[in-house]
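First chain A sits with chain B, and in the next complex the same chain sits with chain C.
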Partner chain A sequence: MKSRNIFLTASGLLLLAALLSPPSGVQAQQPTPSDDEVNAIARQLYCPVCENTPLDVCPTQACKQWRDEIRLRLAEGWTEEEILQYFVDEYGARVLAEPPRSGLNWLAYIVPPLAFLAGAYLLFRAFRSWRALARQQAAEAAPPPATNGKDEYVARLEEELRKRG
Partner chain B sequence: MIPDFGLGILAMAFIVSLFAVGAAIYGETAHKPRWVESARRAMLLTFPLVTLAALLLIYLLVSGRYDVEYVYSVTNNAMPSYLKVTALWGGQPGSLLFWAWLLAAFASAVTLRKWERDREFLPWVVVVASVTLAFFLALIIFFENPFARLWQTVDGVAAYTFQPANSLLVTPADGNGLNPLLRHPGMIIHPPMLYLGFVSFVIPFAFAFAALITGRSDDRWIRITRRWTLWAWLFLSLGLALGARWAYDVLGWGGYWGWDPVEIAALMPWLTGTAFLHSVIIQEKRGLLKQWNMMLIILTYDLVIFGTFLTRSGVLSSVHAFAQSAIGPMFFAFIGLTLVSSVALLIWRWPSLKAEVEMKSMLSREALFLLNNLLFIGILVVCFWGVIFPLISELATGQKVTFGPPFYERATAPLFGALMALMAIAPLSAWGHSTVRTLGRAIWKPAVIALAAPLATLAFGITNPVALTGFYLVGLVVTVTIYEFWRGARARQSAHQEGFLTALWTLAGRNRRRYGGYIIHIAMALMAIGILGIEVFQTETQKSLGVGESIELAGYTVHYDSLAQFAHTDGRWVTRAEVSIFKDGVFLQTLAPRYDVYPDGQPMTIAGVRSTLADDLYVLLVNWESVSASQAPFKVYHNPLVNWLWIGSAIFILGTIIAAWPEKERTATAGK
Partner chain C sequence: MTENNQSIQTPRRSVPFWAQAVIWVGLLALLGILAVSLLRAQQGTIQVGQVVDDFTLSLFEGYTYNERDEVTLSELRGKVVVVNFWASWCKPCEQEAAELEEAWRYYESSGEVVFLGVDYVDTEPEARSYLAKFDITFPSGPDRGTRISQQFRIEGVPETYFIDRDGVLRQIQTGPFPSVEAIRAIIDPLLAEE
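Right after this comes the complex of A and B.
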């Protein structure tokens, strides 16, 4: 019976310890993180008030507190991902430099390349139809006189300057 | 008295511009040229009227009339007079008045040109300019009146245009003063340059609109506005460059461009404007792309208004702020109206704007120009989407999202790289027809010479593929462009028996737009060096130092010597550190990073910068952490090659001035 009580107490204590420990499960306290370590994470975050100013260079008091919070969590042994996730959980996805790739946000990443590809395709089709027309016209017209490449360049340049001069 | 007078003058200008619209439309449709002439004169009259209103506001600003809310909010007794004058564009109502004044000036200048050869454009140019002016004047008069005064009512002190019942005029002894960040010389010139660029683009749009409505399908409108467009583009470029320099100098984050929506708002019309500048050349040379050019100028005009809207309506902070702001919906409606009406006109005229010839080859100069347009529009789509998507997300899900530099850099870097490649290839291709063979023959030598750039980079032990590709493209653009100058001058030299330099001078002088354009290409390549330097090689570190301690970065040692805190005569509280800079143990110089706190609590961080062609060492005294003489936090950035960005910007402006400079000989010939 006694041994059972000891077992229960030990299990309870272990459970308590597990609940109280940081999410990464790292037990020991880390040495004080450097400014550079804090900034490496702060650079990826934006506070909701100071629009478009990354956290590592934001001079406001609120942002200083966020940086202190990062320092504290780094000291507790949290990883970079955990700290970023903590801020997202607390303040929403807007704290990240880019929206997470999920749901409606996919549109943010898909639309520009799709628009570009659509533009490129339209351009390609237009070229093809233009070229077909031009070939047809060329077949009907007489072939141009053969010229030496360099003379052609001089003639073109002179023609342009004559037009302007 | 003066505030009421100022508002009255603005109201008159508003009525006169509405009259100009009505008279121009009536005169044209009823075939009564006298009415059109009357509209032209009305347009001319708006300039002295808006000038008078602006001068009255400047007078109020300089004389410290703090009963006027705008004067109270942007000036104070401690500010020198020149800053009080520049406070005209230091806040919303003043900025809008400044916008309207520039537009009235440009519109009046246009109405004074010789209209004999294109009289049919006149009424419609007046209509577009006057509608735009009337819109801005309406915003000022009805929503953002710079002449509103402060009144004490039972509910407290507030700004009203007219005296409310049972109220007393409030005259504070001192004003709030201009935001210290806006007192930097770069920031004093930056907004007027940007506005000059924005407003100048209204004129080419007005001519395009006139060409559409009158059905003139030739390139006359483009020829008339060619120089306007170049000057507009010059000012916009200058505005962007000054803004970048200002950010680098006073924002204290070691960079020059943060992909902030306000920056993007100014970049977007520049992108379409640049695409337009290239594609009009195709229309002039080959009679192609008439419909596309119309689309580009319509887009540029609406992006100008959209840019002003983004920065002025509060929409960026939240869609709800937009809904609450009085001018946001007005802007939105105006953009919609102008866009729909111009696009409808374009569709109506679509068949008459068909190309005169067809494009023959995918490697011809015109085809490559079109590809350049695709890339510029691609960058525009990324920018537009990045600015708009957070609003869509907020409306759809109630969640705001942030688009920081990583999004834009990843999406636009390949497009900018492709643009560099085109800058190298296109000058070597021929109008009309080019084949892989002719192009290959022209490019192989420059392509080999340009290899020197990445090889030199490799010699420094740098193997980053982005840097190597970037530097190769830079080398290629510079080589091809110099080769083009050389080839042209040699051709002329042999044809005219001139000396090489004379030939070069005549060549560039006779075709300023082309050779000015080539100088701009070289400038872009130099700017790319600076951008690559920061994007790829920037390093930074931050550390709190006691006196006598040091930080090491990129071979430099920053040694903390001393700290002084004192009050400046203008009321600023200055905290100034002195640090010694060493490289490989050799003393280079002393820098004095500092931060100033203005009486109203606004801080400004001024970095200590050691700047050379190779790199910048940018030292900040970090004012957001606690600073004391014994312990001060420093942030140090090593920015390799960044100076090339500024050198490139200066050459860019020079190239644009050369391209936009009037060609005297041509005018003389045309006059004969």
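Right after this comes the complex of A and C.
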């Protein structure tokens, strides 16, 4: 009888301990990739259907599916580079907002700054020649110096002083 | 003043000839590239009467042609080939899906006609749902890298291209087919040709 009581007490304590102990083997859920995380990648891609619409703001069904695809890959632990490469492999490099730096695509990176520099140089040359021309015209339009070597104002001043003196 | 005049009259240094040549060649090359790009953009789809360049379509899992998981156009020479571009996000594609499948089942046993479904810029789970929803059994696969659609220069989906036994493009259907009869009306004359 005594051993039975001990057994019951021990069983009760074990049951109580089991109920009070925190559940083991259960971890916090991994958060679903947020819209911001998805859009950070989506804005580097362009809509396959509408022209010139970034994927993050495109309202079409195709774009929605692509954003879901990005979310799925992020949840699977893919990196941004891996996801972008996946889209290039599947749909071609033209889906990228920035063309890859290879082949003729280099023109997109080189030509605009070169054109800007060339334009700035042309403007500089034009301004310089305009200034030179303006100086030349001003020199030609200037009145000839006083023939007696005196400034007209000084002469008038001396004349006034002479009158008053 | 005299010094000033002299400085004005100093002859300006001109751009060297080689630099001018480089600038002009560069500008002309840029204009050439731009012109070619614009012409290609305005070219539209490939033209009827043109021999269609070869391509290989990798099929979705579960789809085969001659027990292989890919189809090459050149292997189909001697048959009438129907190339249908579709996408799961494309509502008009749904209007013709059942008709295309019905037409395929009508011709399949003859072995004279092959339908190829080319899935354009789609995501695989949705594409598979679409195929299951409309019970599509003809060989279908994704257009990886949009190579096939670029080759045909498609303007949208759905678009369907009919290629005769000699590999020549004979007809283009833009938009969905209204009925099975409309599909058969194109294929039957091609089959009748020797």
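The rule is simple: the second predicted complex is superposed on the first by the 93 of 165 C-alpha atoms of A that agree within 3 Å, B and C clash if a C-alpha of one lies under 4 Å from a C-alpha of the other, contacts with A are read in each partner's own complex, and residues count from 1 in each chain.
In this text, contacts are C-beta pairs under 8 Å (C-beta built on N, C-alpha and C of every residue); 3 or more make two chains touch, one makes a residue touch a chain.
Just so it is clear, the structure is predicted and the values come from calculations on it, not from any experiment.
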| item | value |
| --- | --- |
| Partner chain(s) touched by A:123 [first = chain B, second = chain C, both, neither] | first |
| Partner chain(s) touched by A:54 [first = chain B, second = chain C, both, neither] | first |
| Which of chain B and chain C A:81 touches, first, second, both or neither | neither |
| Which of chain B and chain C A:137 touches, first, second, both or neither | first |
| Which superposed partner A:90 touches (first chain B, second chain C, both, neither) | second |
| Partner chain in contact with A:39 - chain B first, chain C second, else both or neither | first |
| Greater chain A contact set [chain C / chain B] | B |
| Partner chain(s) touched by A:65 [first = chain B, second = chain C, both, neither] | second |
| Chain B/chain C common contact set on chain A | 48, 60, 92, 94, 104, 107, 111 |
| Partner chain A, residues of chain B touching it in the complex | 252-254, 258-261, 316-317, 358-362, 367, 370-371, 374, 377-378, 381-382, 385-386, 389-390, 392-393, 396-397, 399-407, 411, 415, 430-431, 438, 441, 487-488, 491-492, 494-495, 507, 510-511, 540-544, 603, 605, 623-625, 633, 635, 663, 665-666, 669 |
| Complex contacts: residues of chain C adjacent to chain A | 1, 4-5, 8, 12, 23, 30, 33, 87-89, 121-123, 126, 142, 144-147, 150 |
| In the complex, chain A residues that touch chain B | 34-36, 39, 46, 48, 51-54, 57-60, 63-64, 92-99, 103-105, 107-108, 111-113, 115-116, 119-120, 123, 126-127, 130-131, 133-134, 137-138, 149, 153-154, 156-158, 160-161, 164-165 |
| Chain C contact footprint on chain A (complex, rising order) | 48-49, 60-62, 65-66, 68-69, 89-92, 94, 104, 107, 111, 118, 129, 132, 135-136, 139 |
